[in-house]
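In what comes next, chain A is part of two complexes: it sits with chain B in the first one and with chain C in the second one.
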Partner chain A sequence: MTDDIQVWVKVAAFIGGGMAMGFGALGAAIGEGYTAAKANEAIARNPQISGDLFKTMLIGQAIAESASIFALVIAMILLFTDFAAESYVMVSVLLAAGLSMGLGAIGSGVGSGFPAGEACTGIARQPAMNGRLTTNMLIGSAVCQTPAIFALVTSFILLFTNFSDRPVSPTWAAILGAGFASGFGAIGSGLGGGLVAQASCEGIARQPLSATPVTNVMLLGQAVTQTTAIYGLLISFILMFKGFAPSQSIAESMALLGAGLCMGIGAIGPGIGEGFTAQSAVKWISRNQSATASLTRSMLVGQAVAESTGIYALVISLVLIFVI
Partner chain B sequence: MAIEGTHIVQAAAFLGAGLSMGLGAIGPGVGEGLAAAKACEAIGKNPMEAGLLTRTMLVGQAVSESTGIYALVIALLLLFVV
Partner chain C sequence: MTKTTGMEQIRKTQKKYCSLAITFAIFAGIIFFLFDLKPIGKGLIFGTIFSIINFILMGETLPMKIGISRNKAAVFSFLSILLRYALLAIPLVSSIKLERFNIGATVCGLFMVQLVILADEMLHQFYFSTRKKKYSKKLLWKN
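The block that comes next holds the complex of A and B.
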């Protein structure tokens, strides 16, 4: 019997590692491609500063790459660690660790590419704003990476916590649900945060005098956009650390898996939508600085309404975990 | 582990509830975000009409919210009634 578990744990580790790196490569590749395309456009527009543009492109791409590097680390750990095979729970732990990091890297990878590309365009347009644009790009892309870091934290907790003393059913489903919640939950916020940072880089290049309100509102908009990823992280923590009583019924397991999927998938839409809202608000603050107050107010009201469906998903997840 | 028919039905209802609310939240989330984005654009172009624009935005968002509420209702029905 122990041999059997050993085999399945190895299978899960390899599949998990493949999924971590496969999904994890998707986002960063798209984001960096966008940056390179924008950098080429910028060099065509202003070839005299091609050195500066090349440097900015590389810095921006390096940040977008980090989400993918997290996925590589998790994939390496999954491939080259000998995991103790005491219980079948380990199978779902390894699959969940790979899924969480793989899916979690998609949004941040694509999102971080947007501000980097727009910073290149902006520097070509306003070479004097090089410093301010690079700083703004770095802040915006760093915030974009937070959902990927949430996914990384979940993966590390899964890999380095001993779940073998938990009952196999329903713990396997709770663990898998935790992976889906933080993995899917990171996609929307990563993408949305990138859209906001893109608009702020464009705005600073267009109207350097508006740099301060643009950066401030960018951070505010990104913070609201991150909330759905935080819901995903919250649900995945509850699923990992709440001890579940042993149960022979498959219904119990599916309720926990459903809770993770519900919060994870439910966080995608509001994350992207709130990103669109803040993108537009930041864009128009740079064009019409006198309307900053009313634009910020409308942005927050609009984001709050878009958040509501994410909160419905949170409620249904909590009902599935605690009430059913 | 004995799997009985009623357990499978219940399991499907729970999983279905989670998927209903999860997938159902994507559309309204993106749609309401776009509505608010266009409202911000309009306020940027014409700040004098901020009140009217915010009101219109909220009505439009409420309408697009309705599909999210349908998903919520179906999820609750699957959890507590079916």
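The block that comes next holds the complex of A and C.
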């Protein structure tokens, strides 16, 4: 019996490691590719400052790569650590850790490529703004990494908490649900945050005097965009830390798995939608600073409405965990 | 001409951030050594060294991807990423297997270059910058 568990734990660690790095590489590669494509365009537009453009591209790609390095860390831990094989719950834990990190890195990887690419275009068009654009790009890209950091935290908690004293059923489903909630939940916020940061880089290059309000509204917009990832993290924490009574019924396990899936998938759309809203607000603030207050208000209202579907997902997840 | 200028700029950037990263790692490492937290100090320095190698390789391979066919560039980029990730795996596997390196500190070390880039830019922007005066004079949007 112990041998069986040991085999399955190893299998889960290998699959989890593969999923962490496989999904994790996806977003960063797209983000870095996008940055390089925009850098090429910028060099063609203004070859005299190719040195500055190379530098911005290099820094932007280094930051965009962070999400996939998080995934690499989790993959290596999964592949090279000897995990205790005390319970079948461990199988679920290792799969969830890989899923959470792999899926969670997609949005941040792609998202942080957007500001890096736009900063290259902006520097080519407005070379005097090089410093401010690089800083804004770095702030925007760094904030884009937050959802991936949430996913990393979930993966670390899963890997370093002992769940073996919990009943196999329904804990296996709760743990897997936690991985889905945190992983899928980070995709939309990462992408949305990237869209906002992209618009701010474009805005600063177009109208340098609007740099301060543009950066401030970008941060506000990105903060609101992150909320759905926070819902994912919240559901994931509830699923990991709420003790569930032993149950032989498959329905209860499926309710917990469904809760994680509901919150995770339900957070993708609002994250991207809120990103579109803030992207547009930031874009137009740079062109018409006098309308900053109205645009900020309209952005927040728009984001609140876009967020409502994420709240529905949160409510249904809570019902699945606590009521059914 | 353009390529040389680009390469010089990349090397200058690499030199700046890599020397800052290793200086900070060594300084922090010495503090950990003094407090008898050797695995943390060693892990931090170990991870930082590989973070620097990754950053240097990233910059060195950039110009090689320019001026070749699209297929060759795709294959070259894939091989470059494979090599860099294999290199980053070395400190991670070593710290998982060897007790003399702390895994958490090694992971922090792997992000040292990124952390230094962020910290440097923030400090310059918010405390030392005089750029505001400069850019308000010339606003030229190149279409």
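Following the convention adopted for this analysis, the second predicted complex is superposed on the first by the 324 of 324 C-alpha atoms of A that agree within 3 Å, B and C clash if a C-alpha of one lies under 4 Å from a C-alpha of the other, contacts with A are read in each partner's own complex, and residues count from 1 in each chain.
Assume a contact is a pair of C-beta atoms (placed from the backbone, for glycine too) under 8 Å apart; a residue touches a chain by one contact, two chains touch by 3 or more.
Predicted model only: the values in this text are computed from it and were never measured.
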Task = Quick one: classify A:51 as touching chain B (first), chain C (second), both or neither.
result = second
Ask   = Where does A:61 make contact in the superposed view: on chain B (first), on chain C (second), on both, or on neither?
value = second
Query = Is A:320 in contact with chain B, with chain C, with both, or with neither (first, second, both, neither)?
reply = first
Query = If you count the residues of chain A that each partner touches, which comes out higher, chain B or chain C?
reply = B
Task = With the two complexes superposed on chain A, say which partner A:206 touches: chain B (first), chain C (second), both, or neither.
result = second
Key: chain B versus chain C as contact partner of A:10, first or second or both or neither   = neither
Inquiry  = Between chain B and chain C, whom does A:76 touch in the aligned arrangement: first, second, both, or neither?
reply    = second
Ask   = Can you name the residues of chain A that touch chain B in the complex?
value = 169, 188, 192, 248-251, 253-255, 257-277, 279-281, 283-285, 287-288, 290-291, 294-295, 297-299, 301-303, 305-306, 308-310, 312-313, 315-317, 319-320, 323-324
Of all residues in chain B, those that touch chain A in their complex = 1-3, 7-8, 10-12, 14-19, 21-41, 43-45, 47, 50, 53-54, 57-58, 61-62, 65, 68-69, 71-72, 75-76, 79
Key: For the chain A and chain C complex, residues of the former touching the latter   = 29, 36, 43, 45-48, 50-55, 57-59, 61-63, 65-66, 68-69, 72-73, 76-77, 80-81, 124-126, 128-129, 131-132, 134-135, 138-139, 142, 205-209
Task = Spell out the part of chain C that touches chain A in their complex, as residue ranges.
result = 2-3, 5-10, 12-14, 55, 58-59, 62-63, 65, 81, 85, 88-89, 92-93, 96-97, 103, 107, 110-111, 113-114, 117-118, 121-122, 124-125, 129, 131, 134-136, 138-143
